[in-house]
Structures are given as structure tokens and as C-alpha cells.
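In the two complexes that follow, chain A is the common piece, with chain B as its partner first and chain C second.
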Partner chain A sequence: MKTTSLRLVNISKLYGKIVALQDINLEVHRGELLTILGPSGSGKSTLLKIIGGFEEPTSGEVWINDKLMNGVPPYKRPTSMVFQDLALFPHLNVFDNISYGLKIRKMPINEIKKKVRSIAELLHIEDILDRRITQLSGGQAQRVALARSLVIEPEILLLDEPLGPLDLKLRREMQLELRKIQKNLNATWIYVTHDHEEAMVMSDRIAVLKAGRILEVGDVKQIYEKPKNKFVAEFFGETNFFECRIEKIENGIATASCNEIIIQFNAFRDMKPGDEVTLMIRPEKIKLLKNSPTVNVNVAEGYLREVVYKGPHLDIKIELKNSKTMFVRSIELPYRIGEHVYLTWRDEDVAVIIE
Partner chain B sequence: MNRIRFRQIRIPLHVLYGIPSLVYLFIFFYIPMIMIVVYSFWKGGPLYKVIRVFTLENYVRFFVDELSRNVLVWTNLLALLIFFIVILIAYPIAYFLARLMKGESGLKIILLILMPLEMNYLIRIFAWRNILGENGLINNTLMYLGVIDQPLTMLFHSIYAIIIVAVHNGLPYAIFPLYITLRSIPKSLYDAAMDLGSNRISVFFRITLPLSMPGIAIAFLFIYVPMIGEFAIPALVGGKTYLLGNLITRSFLEIGNWPFASAATMNVLILSLIAIFVVFKLTGMRWLYR
Partner chain C sequence: MNISKAILAVFTWTVITFLIYVPLVLVIIFSFNDSIYFVFPLKGFTLKWYVRVFEDPLFLKSVVNSIIVALATTAGAILLGVPASFSFVRLRRNNVFAGFIVIPFIIPWLVIGVSCLIFFYTIGIPLSLLTVTLSHVVYSIPLVVLVVAARLISLNPNYEKASMDLGADQIQTFINITLPLIYPSIAISALITFLWSFDNFIITFFTIGSDITVPLWMWGSLRRPVNVPLVAAASSLIIIIGSAIVYLIEEYRLRKSGFLTTLL
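Up next is the complex of A and B:
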């Protein structure tokens, strides 16, 4: 049984006439890492500030542990935030930064020392406790900011793109390390980012935000492979959409004709023949064949037009007979540009786009 | 590097550029300073008499002679008092302008606050006559309202007048640096402190005040240091009040004891240097230049 740590009910936020957030409903379970993913300006930082108590919603309710948090100032909320610019106190050294929250809580100094030490060991910063903030590298500063929030054992940890300024390699390392720490502590974290890869690496679930609205919430695999929203599908990288019309449904398998291509997929319960649907197939789910397959469903044919070498894989563009372009991702390519190829995929790799 | 060849001596160009100002400073600053130092160790008599014999009596007098010692002590206490009053008034103003006003609108008010500094210092002091003086605004108003029959004299030619004028005079020098330092504190620091459990009062004492110490330090140097050498304000509105600055001018110009006046000048200089040193040490100015 999952307990709910955070519940947002119909949250809206207006700045004058500008709508920053609209009708946000979201539940976060205890011990999970939920990522709020969205392009810049989508309102994700505002949402995090509302949870932390730095902004009040124009309407709607924030519930943490079944307590209504509206009007409760940040210093009385069981949340803690790791800020985008980290917001380390420049006049205090590392130890004093980390112990800040504990000192405010009037904890005895021996206990403070013990707690700071153990959290510093968890984050591998026990050797730099007496350094000044200005002497820290980017990665160390991240760890100090995280330690400062973790040490007060918040019910919910809020992270506002904390890995933004780090270089790619360090970022990848930190993502994995943060995820490990979160799992070990079995803590509830809400992570904000605009990087879909980071979101996939770190999260249990992802909520995709656009222009102040949540488009879709789901676990990582579902939201990547079977998105229900077109924007969400595109946000995770270039993909293939088909506008189709359902011809028949048999044994839960729908057959749709999509501009000379016939696609079969697992039907939803309320679908019926004659419905117009948008289908999506991820580029890496598509196989390239030289010879025509024996069946004529889930097959397309066309000419290989463009290949971009990406290192671990190749991005391939195929021009179909109806002059539509399909994107295919493959780790090898035994064909030459201009060659005639067949494309094929499986029923279960087809996603139905609803919005 | 550009060099000018002058026979066999090579002089770097930047040294050459420095020579005119060095010569100027040497003639009009260093030589007078050295003369003051030298004079302060000579024996002085009344009426500009100077006996060129080494002595420490001019300095010792500040510890032994009660009048001189009191002047030194009171000047310091008064300068400190004025500094604290200025900070108490200036801090809320600077805080309001820097933190509570939207965007850059505070800066326009800062410019208004700085504008009186364009006016001559002495004229600004004289202007206070019209407010504090026997026929000034305050006395006339109080008499018109029937609160008093006789003009209040404690307002003018008194130590209170010095405090009022000096505080008014010092305000821009405190508001401006405080505004600058308060503006430079990122908002996220306040948020982070609140996030970690600080209420507004605790945020002020743990974050805002320590981080605005550089501004307070600069205000201290701008207010305390000139005040220990101040002679115009006491002379013009201070009545019988006698500060270190007046002691120096009187000793130089009226009594004519140049060695003692020089020693008093050295006192001002040493006090200023100590103040600057202590302030920079205590406030840790280094993180101002992060």
C-alpha cells in the first residue's frame, strides 16, 4: 500500500493576467522520485516553489502528509529545497552551511556534529567540512547543498535543476549517485529538469509539464514507450506519427489503415471501427529489411535518404513511397544511401496518441 | 614593453607616466606629512615658539592632561554614537529600497538621497541654522503653537545640534553602501534560510545582517573616520563643544603650539588607521570581492 506524501489539488497560479500554472493535480507517493519535466517557461520551478511555500497558489490546495499547507511559511513546512543556484551561504564554511538547519532547531552541538559527519560521509565531502564556500568546485558545491537539505531529514526533498551547471560527465555521475542515495534513504524527492534523459535516468515517475499544465504522468517506461500525448512523445526525441483510421478490431487487436500502410496494435476498450487515431512508433523499434517480409501488416517501404552517425547508434531517415519521412534508429547499417528497404515493427511497439 | 632610451639607463614607460603625480604628491603631501611627524616630536612653546629638541611630551599629554584626554575620548564616543544613530536610521531605509521596492526603482530614490552631497558642505551645515536656530523653523513653530515662550537654546550651539547635523550629513554615506550590499545578496539565500527553518527575524540576524557587514564597514569608514577629525560642524553649530578637530585648529592657529597640534593630528591619523584595519579584519571584507 502506497502512502501519499504530497497531494496537489487543482493548483492554479496567475501572475496578473499571465497563467503560470493551471489545474495541477498530482500525487507523490512516499519513497518515490517524481520528476517534473518540461521546457523552460513551462512553470515547473513555480510549481516547486508552491510546494516549498515560497509562492502561494492563486487557487487550489497543497497537502503534505494529509495536512493542508496553504498559508504555511517555508520554515514550518516539512520540505527542503535544493536551489538552482544552490544558495549556499557565502559567509559560512561548509560545516556551518550543512549544520544551519540543525542549529535553528536548537539541536545539541554533539548531535549536530554527529549528524553532519554522517551525511558528509554519505556524500563523500567529509574532508572539506572546514573549507570556505568560495573554495569549492562545482560538484562539491552540489554535494554541500544537498547535504544541507538532507541533514534536516525533510519529508519531501525538492530539487530545482541542481545539476544544471555541471559538465556532462559529472552530471551523469551525479544523476546515478543521487538516485542511489534517494533509494537508500527511501526518501520522497521531487526533481525538476528540462532534460528528458536525466528524467529517465533518475525517476520512478515523470510528470510532463507544458505551458502550466500537466500533460501526462506515468512511470518512466510507460511515458517513453506508450505516451498518450503527442507533445510528450516528441519531447523524448524524434519519433514517427501516423494518422490512421481503424478498419476492424479482432481479439483486442486493431487493424488501422494509415495512408497505404497497415498498422496492427493492441486496441483500447472503447475503440471501434471507423475511429480516427494517431499512432506512434519509436525509431529504435523499427527494423530495416532488404527483402519483402511475408506479411503485409506493420510494414512500410521506402528509400534510404540520410544517415547521421551518433556514436552508439545511427539516425536514419527513410523516404516512404508516399513521400513521408520516417525516422529509424539502428546500431548498424548494412545498406547504402538510396537503396530500397522495408521497415517493420511489432504490434506492441505501437503507441496510441490520445491528445 | 615600451621603453625610452636615456643614455644607458632604461626606464619602463609606466614608471615615466607615474613621475608627475609622484612629484606632486611628494611636494604637497609627503613632505607636509613628514614635517608633521617631525614637529610632533619637538618641544613647543606658546606663540609659535618651537624648540628643536626630541621629546615625547606632546603625546604623553594626551594621557596625562585631563582636558586633552577628555577631548580625545569624547570625540571618539561622539563619533561612535553618530555612527550608530546613522546606521539605525539608514538600515531600514536601505533595506526598504533594496529589498522591498520592485526592480530598479530604489535606485532613483538613492539618487535623490545622494543629491544633497552635490551642495557645499559648509552651506549644508549653515542651512541647519534655519531649522534649529533661535529664530529657526522649530522654535518659531513651537512658539506659534504656544508650547514654549522662550526659544529653545539646547537645539542650537549644543552637542545635540552636532549630533543632528552630523547624522544628517552621514546618512547618504550609509544608505548608499548598504543599498549596494543588500542588493547584491541573492534572493535565494533568504529563501534557503527560510527553507531550513529560519523565520524572518532569524533570517535577518543569520543571513541579512552578516552579509551586509561590508556595507556597514564602508559606512563606518565614511562616518567615523571623518568625524574624529571634524572641526566645521562643532565650530558652526556646536557652541562650546570642543572636539579633537577643534583642538587641532586652535592649537595651530590660535595658541600657536605647532608640535602639540602635530601630535594631535598624528592621533587622528593613527586612530583612523586602526579603525580601518580593525573594520577590514572584523568584517572579513574578502568575500565582498567574491
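Up next is the complex of A and C:
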């Protein structure tokens, strides 16, 4: 059975009349890495501050390890935060930064040295313990900030876009390394980012936040391939939506007509013929064909209008007969611009958008 | 080096030399001159003015008094000014009255001296070194507040948050994080307050009653022509001691350079 590390119940936060967060309900299990993903201004940092105790919610409850945390100051919470700007103490060296929390806890100096050394080895910074903070590179500073928080063994580690200032290559490396450390420690981490790729690389589950509300929570694959929310679907990249009417449902397979295109997909239990639904198909799930396929469901036809070379893949725009545009992502393209092509996809690649 | 840089360099050196160093050097030269008149050619080398300065019990008393007043003023200004800067910055009292803190800078010292005198007279406090100190504190608080508040405003609030996050309560955070990070601004405002209070004449003149400080001793000496070289000797002492202190501080600052300059 999964143990719950964090439970947020109906959290709302108002700044005057401005609603920063509204009705946030969220559970995070022990050993899980949950990412709060959202555009800037969506309230994700505010939510993190409320968990860490730097802000009090206007209403709602914060439970950590089944203890109510409302009104408990940050220094009495079993959480630790890696700040966006890291906030390493500039007047202390690396060792004194990492050992700060242990010294405050009045741990014997020998034990402190042992703990700092082992966490420094985990993060490969054992050689820079006597450096000044101003002498650290961006990547080293990240590691020191992480070590400073990890060494006090918090129940929940909060990370507020800590990889933001790093260059892309270093960021990719750090993402994988952080994920590995988190899994090894079997620790509960809550990670905030606006980068959907980072969210997918790092997380067990993702909660998508927009304008102070959680739109959807789900594991990485589910939230990318089968999102229930239109904004969530779009947040992970350009995609194809279809406004459809369900014609019939047989053996759990629904058939819907969508502006001259017929789409089949796995029906939800409460769907019935006549319902209006929005369907979504990711660009990379679509195949391009020169010749008409033998079936007439899950097929569209149109003209190739635009190709953008992205390196690993191509982003292709197809103008359908009904003058709508579809996005397709492909590794190769044996067709020329202007050519007539067919598009097909599988039943199981169709997502049903509910909101 | 291009022309504009050369002109700038010449200008800077001219200003520093003629406006600052030449008058000071002249005072020191005449303090060793065997004549009561400050004219060239020099009459001969002597140490007698220095001997007479140290033989004057009033001078020694004035130095002690000045140090007492300057220390007490510094302590008072820091103890009141530092908490005031916190309340200004942390409570976000950034309204029009925040600007009024600099009023003692705008009002002429003469007016501060006179109003302090009237104030003490009205509420019946007899004039003494205490009233001098109180008046100096009034003038010094804005300086401390401005210097320390400027540092506090630029202090990243996440340092204190990170400290609390790691388990330190407000007091531990203040001692371990806030104070070490703002201490250079406190030290500098204390130093300026001390020197200003030590040198102050006008406010002291109105609020001291019958006691004496170094500037007042000088003022008294200047009124008798035969004692004017004593002022030159006393001034030279202050210049030399002051320069030595500045030199030591600069030495220290340059040695720890990277660190202090980033903090300030």
C-alpha cells in the first residue's frame, strides 16, 4: 500500500482580490516524484511556498505525514526547498552551506562531517567543499543547493525550477541525474517547472496547473497520450483536435463523424450515440500514405503544404479537403510539397477530451 | 590611453591634490614652524606647539569628552537606526513619510543645534555631554537608516527563507544569516557616525553648556592669536591619526576584497 506524504485539501490562496490558487486537491505518495507543470503565473511557485510554509493558504488544509501543517512555520516542517535562485549563503563556503541545517540541529561535529561527506559524494562535489560560493559554476551551485537540502533528510523535497539557468546540455544531464538520485533515495520530491519535456523526463506523475487550478493529474504517459483536458493536450505541443458527433457504439468501440472524417476509438462507459465529443490525435501517431487505404475509418486526405526540418524529425502541415489543417510528425518524408496524401491512425491513439 | 582619459586623470589628480591634500599638508607644515604666524618663509623647526598641546589639561579633557560623546552617539544611532531600517524595509512603509527620515540632513546644523537647545531648555534637562549626545543621535539616525536600509533592500529575501527552511528560527536566522550579510553596512555607518560626532562643532556648541570637546577647544584656542599654532598641532594629530585609521581600514578591505565588495 502506498503511504501518503502530502495531502492538500481544498487549498485556495487570495492576494487581495486576485485568486492565485483555487480548490487545489492533491495527494503525493512517499517515494514519488510529482511535477507541478504550468505556464508562468499559473500559481505553481505559490503552491510550493504553501507546502514549504512560506505562505499560508487563505483556506484549505496542508497535511504532511498525516499531520496538519497549517500555521506551522517553515523551520518546523519536515520539508526542504531548493530555491529557483538556489539562495546559497554567500558568506559561507560550500561545507558550511551544506552543514547549516545540521549545525542548527546541534548535531555533533563528527557526525556532521560524515553526513556532509556522504551527501557530497552522492552529488560528486566532495572536492569543492572548501570553495567560496562565488567560485562555483552553475552546475556546481545546483549540486550544493541540492546537498544542503538533502542532508537534513526532509520528508518532502521541494524544487522550484532549479535547473532554469543551466544550458540545455547540462540541464538534460542534471534531469537524469536528479531522477536517479530521487529513485535511489526513494524520497518524495515535488518539482515545479514550466518545461513539459523536463516534466516528462523527471516525473512519476504530473499535475498541470493553469490560472490557479489543477486541470489534470496523471502519470506521464497517460497525461501525454490520453489527456482529458484541451489545455493540457496543447501544453505538450501542437496537436490535432476534432469536433465530433458519436454515430454508434459497438463492442466498446465508438464511431464518430467529424466534419467528413470518421474516427473510431475506445468508448467510455457513459457515452451514447448522439453525444458531442472533442477528440485528439498526436502528430507523431499519424501515418502518411500515398495510396488510399482499404478502410474508410480513421482516414483523412489532403495536400502537403509545409515541412519544417527539426533534426530528429519533420513537422508537417497537411491541408485537408475541408480546408482544416492537420499536424503530422514524421522521421522521413517521401513526398513533395503540394502532393496528395492520405493520413491514418489507430483506434487506441485517439484521446477523448472531456474539458 | 586616449585623450579624454588623460584629461580625466589630470583633472582627478588636480582636484585631489589641491582641494584635499594641499590644505592638510600646509597645516602639518605650520604645526612644526617656530612662529605664531602662518606665512612663508618658515622660521625653523620646533615641537613646542605639540608639547604645549599635551600640557594643556583642557585639551586632554576635550579629547576624552569627544571620544565619550562619539562612542555614545554611535551606540545610540546604531541601536535605534538598525531596527528602524528593518521596520522601514520589512514593513514596506514606503509611503511619503519614509522620505521624512532625511529631514535632519536638509535642515541646517545651526537650526538643529538651536532647536535642540530650546527643546532641552523647555523640558528642563540641564546641558551636558548627555544633551550633546542626544542631539548628535538625532542627526545620525537618518544616516544609519539610509545606509543599512539600502543594504537590506538589496538583500535577497531567499537567504533568510532558506535558513528558516533548513530549520533555523527567526533569531538563529538573524544571527547566522542576516547580521553577517548586512554587517559591513552597519560598520560603515558606525564609522561615519563616530567621525561626524567627533568633529561636530555647531550642534555641540549649542547643547554642551560648560563642558568641552575637541572642536570647542580648538574654537577657544583660535580666539587667542598666541594659541593658533596649538590648533595647527592638534589638527595635525587628528589628520595623522585619522589617516592611519583610514589606511588600516583600506588595507583590510583590499585584503579581503572580493568578499566585502560583493557584500557592499
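By our rule, the second predicted complex is superposed on the first by the 355 of 355 C-alpha atoms of A that agree within 3 Å, B and C clash if a C-alpha of one lies under 4 Å from a C-alpha of the other, contacts with A are read in each partner's own complex, and residues count from 1 in each chain.
As a working rule, a residue touches a chain if its C-beta (ideal position, glycine included) is under 8 Å from a C-beta of that chain, and two chains touch if they have at least 3 such contacts.
Note that the structure is predicted; figures quoted are calculated from it, not measured.
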Query raised in the report: If chain A is used to align the two complexes, do chain B and chain C fit next to each other or clash?
Result: clash
Query raised in the report: Between chain B (first) and chain C (second), which, if any, makes contact with A:169: first, second, both or neither?
Result: neither
Requested in this report: For A:148, select first, second, both or neither according to whether it touches chain B, chain C, the two together, or no partner.
Outcome: both
Requested in this report: Name the contact category of A:17: first (chain B only), second (chain C only), both, or neither.
Outcome: neither
Report task. Would you check which partner chain A:101 touches, where first means chain B only, second means chain C only, and both and neither mean what they say? Result -> both
Query raised in the report: Touching A:81 in the superposition: chain B (first), chain C (second), both, neither?
Result: both
**Report entry** Common interface positions of chain A, toward chain B and toward chain C
**Finding:** 52, 54, 73-75, 79-81, 83, 85, 87-91, 100-101, 104-105, 132, 134, 148-149, 152
**Report entry** For the chain A and chain B complex, residues of the former touching the latter
**Finding:** 52, 54, 73-75, 79-81, 83-85, 87-91, 100-101, 104-105, 132, 134, 148-149, 152
Query raised in the report: What part of chain A is in contact with chain C in the complex they form?
Result: 52, 54, 73-75, 79-81, 83, 85, 87-91, 100-101, 104-105, 132, 134, 148-149, 152
Query raised in the report: For the complex, which residues does chain C have touching chain A?
Result: 156, 158-159, 161-169, 172, 176-177, 180-181, 258-259, 262-263
**Report entry** Residue ranges of chain B touching chain A (in the complex, touch as defined)
**Finding:** 186, 188-189, 191-199, 202, 206-207, 210-211, 284, 287, 290
